[in-house]
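Both of the next two complexes hold chain A, though its partner changes from chain B to chain C.
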Partner chain A sequence: MIDDWIIFLLLFLAPVVSSIPIALAYKSKGWTEKLPYLSVFGIFVSVLMSLYIFFVFPENQQYAYDWIPDLGINIVLITDYLSRYMGVITAVIAFFIAIYGLDYMRGDYRPSWYWFFFNLFTASMLLVVYSDNLFLLFVGWEGLGAASWGLIGHWFRDDDEIAYVGVPKRKVGPLELSWPPSFGGWRAISTIRFGDVPMFFAIAAIWVFTGNLNISEINWESLFLNIGAAGTVILLTLFLMGLLTKSAQVPFSEWLMTAMTGPTTVSALLHSATMVAAGAFVFIKISWYIKPWELHHVPGLNYVYLFALFIGLISGLYGALAASGMLERKVLLAASTMSSLGLMFGAAAASYWIHEEVMPGINLALLVAFWYMAVHAFAKASLFLVSGHLIHATHTRFSVGALEFGKRMKPAFITTIIATTFLIGMPPLTAYWVKSGMDEVMEHLIHPIGFLPLILLILTSLVYAAILAKFLSLNFIKGEKPHHEHLEGGGLMKLGYGLMVSMLFVLIYLIFTRTETAGFVHAGFMPTSFAVGMSILVAYLIAIYKPRMTSFAKLGTFFNDRMYLPFVNDYIFPKTGFFVSHLVQDYGNRGIDGFFNTKVMPGLFERISKGIRTIQTGYLKTYVQIVLGLVMIFLIIAAIGGMRI
Partner chain B sequence: MLYFLLLPLIVAFIAPLLRPKGATYLSSAAFLIPFFSILYCIFKGCPSEIHLMNFSPPIGEIYLNFDFISNAFGLTICIVSAMVALFALPYMKHRFEEMECDAESEFRKYIFLYDLYAVSMLWLVYSGNLILLYVFLEITLITAFLLIYRYGYGNRKWVGLLYLIWCAVAGVLTLAGFIIIAFDPLNNTLALKGITTVGMLAWAFILVGMLIELPVLGPHIWLPWAHAEAPTPVSALLSPLTVGLAGYVLLRIALIDYSFITTYRMPILGYAIFSSIYAGFSVFKQTDFKRLLAYSTVSQMGYVLVALCLGPFGLIGLVIQYMSHAFGKSILFSSAGGIIAVHHGLRDLNKMGGLHDSIPAISNAAVVGFLNLGGILTIGMLGEFFILRGVVDTFLRPESPAFLGWTGSLPIFLAVIFMFILSVWYGFWTIRKVFYGKPKDTKRLEISRYFYVPLFIIGIFSVLLLFPPLSTVLIQGLNSIPSLGLGGVVP
Partner chain C sequence: MELAMAMMLLALAILTLGSVGSFKYRQLGFYAAIVALIIGLTACRSFYYGAFIFAIGIINLVSLIGIKSEIEGVDYGLVGLMALATMYIANTSDFALVLAALVLVSVPTYILVMIREGGANVEVGIKYITFMVFATVLFLIGAIILAYTKNSFDGVLYILGYVMLILGLSLEVGVAPLHEWVPDVFTSADPIPVSIIASLAKIVPFIAALWILIYTANSITASITIFTAVLAAISMFTGNIGALTSKEHARVLAYSTVANMGYVLACVVVVPVVVVIEHGLTIIKPEFIYLALAGGLLMLFANAAGKIGFFNAIKGEGAYSPLMYILAFSFIGVPPLMGFWGKLFILLSLVEVGYIWLVALVVINSAISIPYYVRLASELSIDWKANLTNFIAVAVVLITLVTVAFLPVNWFLEGMEVLAHTMGIAI
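For the complex of A and B:
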């Protein structure tokens, strides 16, 4: 038992502890150049531990340790199907990105901050992945929030245009569509917190009604039946708030776009295996144990899953369309990530209507969502790392690069080709098999819901293929010639994305060899899936040939401006908030202050005091007047009293 | 244990004899020793009370009370007082230079008042008799008044008097409530363990008095003046420790007789939430950093009052909320003080921005402070969790007398949720405004370690408190108090 705990402690604490020295040595230039290797080593330890857990630890085993046992808050970890895979994915991706980061962040002005929060980020995600106790999960969850804030706002000086999102000084109506890093950090944590507290409330409610916080042990059915339809809908919606904000689903997607102000390594980690993936991961995990497909008799549950399904699919289409108008490398990828996460949410929510279990306890829809997350993680991380290298090489965040440039950046070029083709779902590459599974899931929904989910999925997939092709084409084939080329060095960067993209081959191997994924392969040989796959390929090729369509420029601008969703985030919310603050401060506080402290009350006391002091005149006349007045009052009172008698 | 509590009291009289550095170390040690002894008590257990003397009714027995509630408050007071004492060493030197007075002799007066102020708060939370509690309440008031009056900023004499008057009114109302309790024939005593009932009238007096001290919307208006103009080490005790003690008094009274809260739960809760959100919005419009923090205190004290209305889990939440706010706010006020000392009196938010470059350590400490207030990765998380659980317990459990159902209580819990969200919003908004953005000066300043090391010690402690073994013993201990924990008498 003790040995198990050492493994887990190393898994979670090695990244954090190994980054403390660099955090403390922030003043010394010499040390901050050497200590990043220690931080990377810490993540490497996590990789080893996650692999050990994957290969050695028994499946579906719970590891519990007392925290506040009287109240059911405990450190409970679980090695179920999801966490075993996701743990390895997280640790490996973080490790590759960290290697890349050694090169990418060299010479940065605050390495201590970067490495501390990078490692905290990784550790927090690992905690979310392995924890079975909702409170413990939430600790990791908040760690993700805090670390993402630190990393997105890493370049806090806001002095380098290359770290901005949007075109500086570009205005649409009252909105300035440009965001500095320190703002990106604030936007991230404020949006996330908007969902986290409702989620925390939902956890508290689960705690009250079940007396247990372990996801795998909670009797979800009796919980939902106990709190009724309204309770189920409210509880799960509040819980979903946390997941949807974290995963940047509509309408909470803005923070993810402005999060591109962070270093590219951060974007890569944020978009693949941590943070945004955490939202979808927890949704998959919680549905895994709720088993909604068995709970059709629970009132209210269907509304929640319907809601999640459409939020996911609409976000999928929204993200893909928004990306289609974008030219900023990272923001384009960010919008496409949002789209992918939407598909994960949609697929996972479809589990309510899917009764098919590929293996005992494993629902097809959830499995599809999870595998899509895995493929997406490696592919998207590779693309981000490439775009980081491109930003270094060309000194601009906008897509530029012609074929000639592409030839000189061969590793990046090849990585991009592999990552995009493997991700969009063209036959017979990795994502095709998973996407075929997804097609099958959405086909199942035709009967209970209609054609809409399938249509949304196919539309999203087509646009998605086009935007990734556009990314490839504009950066390596048909883009403008870069003004500046800086091609030396970057060995570790190339190593980082090379390793990352090679993992996609491992995944395709796994899909063909694992028993639970046999369904994907089967779905891949269906004619409909093949037809969808081929149309994706066509969309991809067309977009490579013609990445920019000038006749649609206006529509492109509309998409590039995220269909004016920033209006809500940058105008309505802050204006309302500051108006309330204005009322509260300039009328409320000033009024109360004037009443009690500065004007009314002190004035009143002064007047009373003056009145009393005027009595002390010494004139006999005054005193006689007062006495006579009092006598008169007494007589009047006595007279009235007497009359009563 | 008694000797450990006497230690800082004795030191308060010895420290003025020493030079500033020695006096500071002595004062700090005098609070750290009780801190560790309380920690020992929490882990190993201690006698639950110490008898001091007996008075004739209606005063009754005077004793010291060592349950987990007092220990939790005492722990907080000790660590914060010890660390702020260290922080004050360079800060007060700077202040005396600014005031152009003889630093050494002024420091003697200052350290005496400071120690007395802090130790009276410590004794307050261990007082087992309401009259003793009242005496210490008044000592904190007078010492804090003198500190503001002598060493404050701006119109300090006026502000000092303002503070004195408001808190004297609060104190008198509370005393009136205590006296009504004492003369109730059912009690005939002021010893906490002897009081069996608190009448509605007594409750009303104490509540109003403590709402002024806490403070909530309306009376809150004294607080921004006092907190902003007090010398920063005093702000760093006044805001984290003193005002929250009103919550402590209310908690003690609530543990004796909770019926007042159950009767008037909705108006008090509504007022508390409104007050907290109101103050949260006020934060965004402040231009003075210390005033901003003062409004945030009002907002946080709203949490305390909300927690009071939410049954046993809410009351546990109250204790934890007090702790997390104390840690966070002492760090934040000290970092504000650090900015004042390092940047020559800089307090205006409009002139700040990009300060992280010149004082990274202070900036990072402030982040930890706001994490505490927002309940992220610190003990504050548990506080929020217990308060949220209190909401569910009170309004959503069918067996609760205040049951409203899911749709009926939706506005309540949405309001509470928003209240929590607001803290993080203004917190990180402030961080960005003060420390990030285009720096005016990228030169890193060499600053005294006293300005940040104590703050990080508080910060580390607040993180450790979230995890075992500290949280295990503390929360289980609080939960084991018969009238507080599960199945207690508090409905």
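For the complex of A and C:
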């Protein structure tokens, strides 16, 4: 058991410890140029440990160590199906991005800040992944939040337009639709905090009602039956608030778009294996243990899952549509990520209506959601890394690049082709099989819910294929000729995305060889799935051929403005907040502060202190009078009181 | 006669001989007092308690070196006598001897308070002695009435006795609203004797009061403790507000004493929970008495250490800055200094008895006290100099840091078991 703990400690602590030297050496230019290699090595240790856990540790084993047992807060880790896979995915992706980052962040103005938070980000996600205890998970969860704030706002000086999101000085109504990095960091942490607090209360409530915080041990059924329909809905909605804000689902998606103000490596990590994935991952994980498909007799649970299903599917379509109007490389990818996350939520939520277990304890819908997360992670990380390289090479964050440019950027070009085709779900590439599984899941919902989920999924998939094709086309084939080209170097960057995209081949191999994923392959050979896959291919090809449609320019601008959702974040919320704070200031505060704190308390204080001082006349006679008088009074009161008792 | 008693008598004899001899050789009184304290310590049944008293006694003795009084030599003997009586009260379970210890600690201060270089401070003496005599009389009468009601119960008499005892205690140690003598005496007497009155002399009255109240507790005790709680609250506020609005250092310390005595008095409300009367039998719940005793004593020790340090700094016109701040933080109750543990245990014992409002008031008062302690520390701070003042300051800071060196302070709580046992108030 001791050895097992050493593995876990290395897994979590190696990234953090290895980044402390660079954090401490922030003043020395010489050291901060060399120490990033140590930080990357720390993540490499995590990769080794996650692989060791994957191959050597027994499956579904719980590792528990008491921390604050009186409150159910313990260090409890679990090696279930989800954490074993997700741990490897997280560590490997972080490692490849870190290699890429060695090149990408060279010459940056604060490498210490970057590497410390980057590694903290990775370690926090690993903690989220392996935790069985909700509180421990929440520790990692908050670590993600803090690190994302640090990284998104990394270029806090706001001095380089290339790090902004939105077109500078573009105004819609009272709002300027352009966001600097410092604002992006703030927006991320404030949105996430908006969800974290309800989530924290939900965790507390789970402890109060069950006396247990270990996800795999909680008796969810009796918990829900105990608190009734309304209780179940409130509890799970509060919990979901944390997940939906973290995964940037509507209407909390804005922070993810402005998170693109961070370095591209951060965007890549943020969008693939950490942060946004954490929301979907935790949803899959708790559904895995809640087993909602067995709890149809629990009142209220169906509403929660129906809510999650439609939030997910609507976010999916919204993200894809918004991306269709975008030209900023990273923001387009960000919107597409939101769309993918929506599909993960939707598929996971569908588990309520899916009784099919591909293997004992593994629900088809959850498995589909999880595998889609895995495929998406590697593909999207590759695309982000490519776009980072493109931004370096062309010095603009907007999509530019013609075929000639594409030929000079061959590794990037090829990576983009592989990543997009493998991700959109065209036959017979990796995501096709997973998406086929997803089609099957949504087909199951026709009976209990109707056609809407399936229609939303297919629509999303088509638009999604088109936007990725557009990304490919506008950057390598049919885009404008770049004004500026800087093609030298970048060896480690190419290595980074090369390794990343190659993992998609590993995944397709796994899909065909693992027993639990045999269902995906089976679904892939169904005619309907094939038809959907072919339509996706057609959408993809059309979009490559015609990436921009000028006749729809107005609609595109509407989509690019994220259908004016920024107004909720930047206008309605702040205005409401200011209104409330003015109310508090003008009426509440002035009353309390003005009256109580500047009149009542000082007045009282002054009187008492004056009284205390005037007693001290210095004359013994006065003192004796006071003391004797008081003693007599007390004794008389005591005598009277004593007779009454 | 048991060994401990014999040792105590031996210590007393040495002390007396030393004092007599000091008329010829002044240093003799000092050394005799130290030897007597060492013997006293070996006779102490509760080692931790004894060790603290020993340390405080020795520091008081050393601080007297700095003052050339007319009775030099005898003054060491008086301090030695107080320290021995303070040690002894923890050894006895005899009612009469508890009262005797109180008198033995109280009377020497009548003389000490008048010590001044080149003469006697008669005016202060009169003021002080008037109230001390009154206090001792009230205390003794209260104690005797309480003892009487233990044998033949009378509710009215019990309450009168209780109130008299608490009033006597309040007057003796300076609990508001009977604190009038404190600011005057503290500011007009010499700082060194005041430091002894503010430190060593405060411990026995509390132990004696607690002892007598537990010994005589009955079913109506619970209904009268509110009186003590209210006095404690008044004392905290009077002391802290007074200190906050005073300028003179000695006066600030005087009011700080009033506030601190309020905190310690709060422990006394624990008594009725400690003693539960069931079917005519007295059942004692020791865990509460340990908390209350530990809280009260740590608070008294922290107060003693701080008062000695600050008064000596006043006498020596300042002391080394970090030392002054450590003492101030201990008074405020910053963990893990001794003052913190004192307050914590007092608060825990108050929670046990359900006096939550008093807990809140203690916390509020701790907050109120922050500015004046910090101000005091900053105004009395000077650079390092190797002199007697700083030597004493280092010694008292070491006492304050005992709780830091040996964390957590469970050992002190467990030590209370021994103390309570020898005092005959535990099972």
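Brief remarks on what is shown
We adopt the following convention: the second predicted complex is superposed on the first by the 581 of 645 C-alpha atoms of A that agree within 3 Å, B and C clash if a C-alpha of one lies under 4 Å from a C-alpha of the other, contacts with A are read in each partner's own complex, and residues count from 1 in each chain.
Basically, contacts are C-beta pairs under 8 Å (C-beta built on N, C-alpha and C of every residue); 3 or more make two chains touch, one makes a residue touch a chain.
As the structure is a prediction and not an experimental result, all values here were calculated from the model.
In the superposition on chain A, contact is made by A:642 with chain C only, not with chain B. When the shared chain is aligned, chain B comes close enough to touch A:142, but chain C does not. With both structures placed on the common chain, the touch criterion links A:612 to chain C but leaves chain B unconnected.
After overlaying the two complexes on the shared chain, residue contacts for A:623 are found with chain C alone; chain B is out of touch. In the superposition on chain A, A:24 contacts neither chain B nor chain C. For chain A, the partner that touches more of its residues is B, with chain B and chain C as the two candidates.
Looking at the shared chain after the overlay, A:9 reaches neither chain B nor chain C.
Contacts of A:631 after superposition on the shared chain: chain C is touched, whereas chain B is not. When both complexes are overlaid on chain A, the residue A:506 reaches neither chain B nor chain C.
By the touch criterion defined above, A:568 reaches neither chain B nor chain C. Common to the chain B and chain C interfaces on chain A is no residue.
Partner chain A is touched in their complex by these residues of chain B: 162, 218-222, 224-225, 278, 281-286, 354, 356-357, 360, 371, 374, 376-377, 381, 384-385, 388-389, 391-393, 396-397, 405-407, 410, 413, 416-417, 420-421, 424-425, 428-429, 431-432, 435-439, 442, 444, 466-468, 471-472, 475-476, 479-480, 486.
The touching residues of chain A, when paired with chain B in their complex, are 26-27, 65-71, 75, 110, 135, 138-139, 142-143, 145-146, 149, 153, 156-159, 180, 182-183, 185-186, 189-190, 193-194, 197-198, 200-201, 203-205, 207-209, 227-228, 230-231, 234-235, 238, 577-578, 580-582, 584-586, 588-589, 592-593, 596-597.
Contacts from chain C toward chain A in the complex involve residues 126-127, 130-131, 134, 138, 155-160, 162-164, 167, 171, 177-178, 180-181, 183-184, 220, 223-224, 227, 237-238, 241-242, 244-246, 255. On the side of chain A, the complex with chain C involves touching residues 605, 608-609, 612-613, 615-616, 618, 620, 622-624, 626-627, 630-631, 634-635, 638-639, 641-643, 645.
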